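Both complexes below contain chain A, partnered by chain B and then by chain C.
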Partner chain A sequence: MNLEAIMDYMPQLLKGLETTLELTFASLFSGLALAVVFTLILSLRFKPLEWLVKAQILLFTGTPLLVQIFLIYYGPAQFKGLQDSFLWPLLSEPWFCALLALALNSAAYSTQLFKGAVDAVPAGDWEAALALGMNKRQTLIRIVLPHAFRRALPAYGNEMILVMKGTSLASTITLMDLMGYADRLNARTYDTLTVFTLAGVIYLTMTGIMTLVIRIMERRALAFSN
Partner chain B sequence: MAVLFFNATLMTLGLALSSLILGLILATVFALLELGRFRILRYLTTTMVTVLRGLPEILVVFFIYFGSSHAIFLLTDEYIEVSPFTAGTIALGLIYAAYASQTIRGALMAVNKGQTEAAKALGIHTRRSFIRIVVPQAWRHALPGLGNQWLVLLKDTALVALIGSTELLHQAQMLSSKTFEPFTWYSVAAVIYLVITLISQKLLNSMKAKASQHERVVTA
Partner chain C sequence: MGIVVQGLSKAFGSTTVLKDISFSIPKGETTVLLGASGAGKSTLMRMLNLLETPDAGTMNIAGMNFSFSEKTDEKQLNKQATSLRRKVGMVFQQYNLWPHMTVLQNLIEAPIVQGTPKQDAITRARELLDRVGLTEKAEAWPSSLSGGQQQRVAIARALMLSPDVLLFDEPTAALDPAITNQVVEVIKELSQSGITQVVVTHEVEFARKIASRVIYLEDGEIVEDGSAEHFKNPQTAEFKAYLEH
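Right after this comes the complex of A and B.
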């Protein structure tokens, strides 16, 4: 590993950083939005929807993310009807498929976290809100959920890092993210140790920054407690 | 087809179990080093664990698989390929150990110090008291965490498909390109993963129940 090689490889790897970051934030954002809706459905026990959410969680937490990505990207080609439909431009787009898989995967894990946090809110909070004349839905949205989301923040921080690491799998469906460029560079130069070490350094820097940001968010969100 | 998937399932389970065994051994070593007396080893272990947890799993797998051949080439000038199974086991074992060592460390610290002191007062040798008194109690604390990480490990074995080991995902890939029925075969693989996960969860629950059968039940 010499300096010249590093100076040569680094700019090539950093070209993939934008895709990695975009995919991370887009998946986290859509995953979070879905997870909030799913948590509401589970907490309010909307009957048919509740079963659907439970099935979604079982499916997406019980199978590997890579299988989900392959199923979503390669799967639809089997159906002629889908290929002729308006969905095809989206489903043949690797970026969209990676986003869809990552968002659904993250939504499943996040819903588990949030539902656990909702269940952990002390019964006294519910009773106090009911005694003040609030109904179940008001209590959930105004009292319980804000409390639960704050409590779930440390665990959600881990989930954010898992999603960032998970975006690297998008390189397997031809998306040129950081891992995609690392792969290409490795295949071209055979300088495996240097290339993957540099890619690792970039990923570690991102994990480090995310950990710091999450810690600051936690401190803010839980500032009132203890 | 059934035979192919049966073999692939065995391969997935073999990968997962051998990674688990390697991972548990490494995790125990990491945990003891981190709790140990040598400051340099403590820092080195913490750094390694942090690095392993901060990297995408696919990068670790590729690093070990392609990197080991590269390293052997640099050292001996000979091109020797490491088998996907071996490379996968080492990579997944290391990743498992990075997470599990923290669980084991926490579990060991959660055992009340009075237990070791009481054993000492009874004249039980340090090593014996560690194995007979501390470990069984720590096991109870560690089991839920280790079980969750096993479920993660099981799913991470799919990554070894990318370096060419014929496990479930790779089998589905090969059949898909042969029959042009990707949805069917990836679904079959997904269902098998799901079944293994569900069986694992059942087993873990009964292990947890067994491990905590002596615990005092506090009823409100």
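Right after this comes the complex of A and C.
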């Protein structure tokens, strides 16, 4: 590992950073939106939808993320009908498939987190709201969920970092993210140790920054409990 | 327009908790529901705002009529319960303030959900905080307040909807005896304002200080029911014994 190699590799690796960051935040954002909807469905016990959400959680927490990425990317090609549909331009796009897999995966884990937090909100929060003439849905949306999300934030912070690291699997379906560029560089130089050490350092830096941001958010969101 | 209940009863599974309860409370009175732990006081009080559904009986409260039987339609009742609770406020032993919201947010939340313009709600909230002596605490988190302060916030929150009836379930049980007087003062002041109050407690001293009427419960039945005079002249041996224990 010499300085010259590092100076040479670093800019090449950083070309993938944008894709990694985009994929991370797009997945987190869509996963979060889905998780909020899923949590509502579970908490209000909307009958047929409740079962679908539970099945989704079972599937996406019970199988490896890599299997999910492969199935979403390679799976649809097996169905003639899908190839002719308007969805095909999206489903044949590795970026979109990686996003879909990561978002659904993150939604499943986040929903588990949020539902756990909703169930852990003290019964007194519910009773006080009901006794003030709020109905169940208003209580859930205006009181219980905001309380639960704050309490779930530390655990959700870990989930955010898992998603960021999980984006590296997208390189297996030809996506040129940070890991994709590292793979390519390694194939060309065989300087495996330097290339992947550098990639690791970049991931570590992102983890560090995200951890810091999450801590700040936590401090604000949980200010009430001090 | 006080409270009239007739033949209320309630069982949880096979245990009967309340048996054929009837009483009437005139408007503006402060009635204490007294009795030992497990007598059914909380259950009875929670029926008055339908947090608990009676198995049988009728209830007239805050101008609304209810009649209960096996055929009571849950959905229908839930809707009515929501409007009833806007007129019948409740204060809990553990305050039940929402911890992630400031004092002011705790006060304005329900009125805003029910359509009060935010500015009006804030104005009213500040008036009520003044009234319970917590002007300075509007922006504080509940966890930063003492028990007595939290309970006064809870009372102010219940008053935000200008209820006709205010229910208190053991409002001082979690408080230091020295702090109890803060709550006594607020209840006394409210009784001047014409609001009907029902206060559950097992503390005789506290009851004496606030009551204009008393109902004494034992094992889910009313044993004694009358004016505050009954504290001096109990009519039943059971109530006499309870006062002296």
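Note that in this section the second predicted complex is superposed on the first by the 226 of 226 C-alpha atoms of A that agree within 3 Å, B and C clash if a C-alpha of one lies under 4 Å from a C-alpha of the other, contacts with A are read in each partner's own complex, and residues count from 1 in each chain.
Note that in this section a residue touches a chain if its C-beta (ideal position, glycine included) is under 8 Å from a C-beta of that chain, and two chains touch if they have at least 3 such contacts.
As the structure is a computational prediction, the values presented were derived from the model and not from experiment.
A.B. asks: Which one hits more chain A residues, chain B or chain C?
C.D. replies: Touched residues of chain A are more numerous for B.
A.B. asks: Go through the superposed model and pick first if A:224 touches only chain B, second if only chain C, both, or neither.
C.D. replies: After superposing on A, A:224 lies in contact with chain C but is clear of chain B.
A.B. asks: Scan A:54 for contacts with chain B and chain C and give back first, second, both or neither.
C.D. replies: neither
A.B. asks: Based on the superposed arrangement, let me know which partner A:127 touches: chain B (first), chain C (second), both, or neither?
C.D. replies: Second partner only, chain C.
A.B. asks: So, A:64: does it touch chain B (first), chain C (second), both, or neither?
C.D. replies: The first partner, chain B, only.
A.B. asks: With the two complexes superposed on chain A, say which partner A:184 touches: chain B (first), chain C (second), both, or neither.
C.D. replies: In the superposed model, A:184 contacts neither chain B nor chain C.
A.B. asks: Considering only touches as defined above, state whether A:138 meets chain B (first), chain C (second), both or neither.
C.D. replies: Second partner only, chain C.
A.B. asks: Quick check on the superposed pair: does A:150 touch chain B, chain C, both, or neither? Answer first, second, both or neither.
C.D. replies: second
A.B. asks: Tell me, which parts of chain B touch chain A in their complex?
C.D. replies: Residues of chain B touching chain A: 51, 53-59, 62-63, 66-67, 69-71, 74, 155-159, 161-162, 169, 172-173, 176, 180-184, 186-187, 189-190, 193-194, 197-198.
A.B. asks: Flag every residue of chain C that touches chain A in the complex, lowest number first.
C.D. replies: Contacts found on chain C: 49, 51, 78, 82-86, 89-90, 92, 94-101, 109-110, 113-114, 141-143, 154, 157-158, 160-161.
A.B. asks: Under the definition above, what is the set of chain A residues touching chain C in their complex?
C.D. replies: Answer in residue numbers: 122, 124-125, 127-135, 138, 142-143, 146-147, 150, 223-226.
A.B. asks: Quick one: which bits of chain A touch chain B in the complex? Just the residue numbers, please.
C.D. replies: It is residues 58-59, 62-68, 70-71, 74-79, 161, 165-166, 168-169, 171-172, 179, 182-183, 186, 190-193, 196-197, 199-200, 203-204, 207-208 of chain A that touch chain B.
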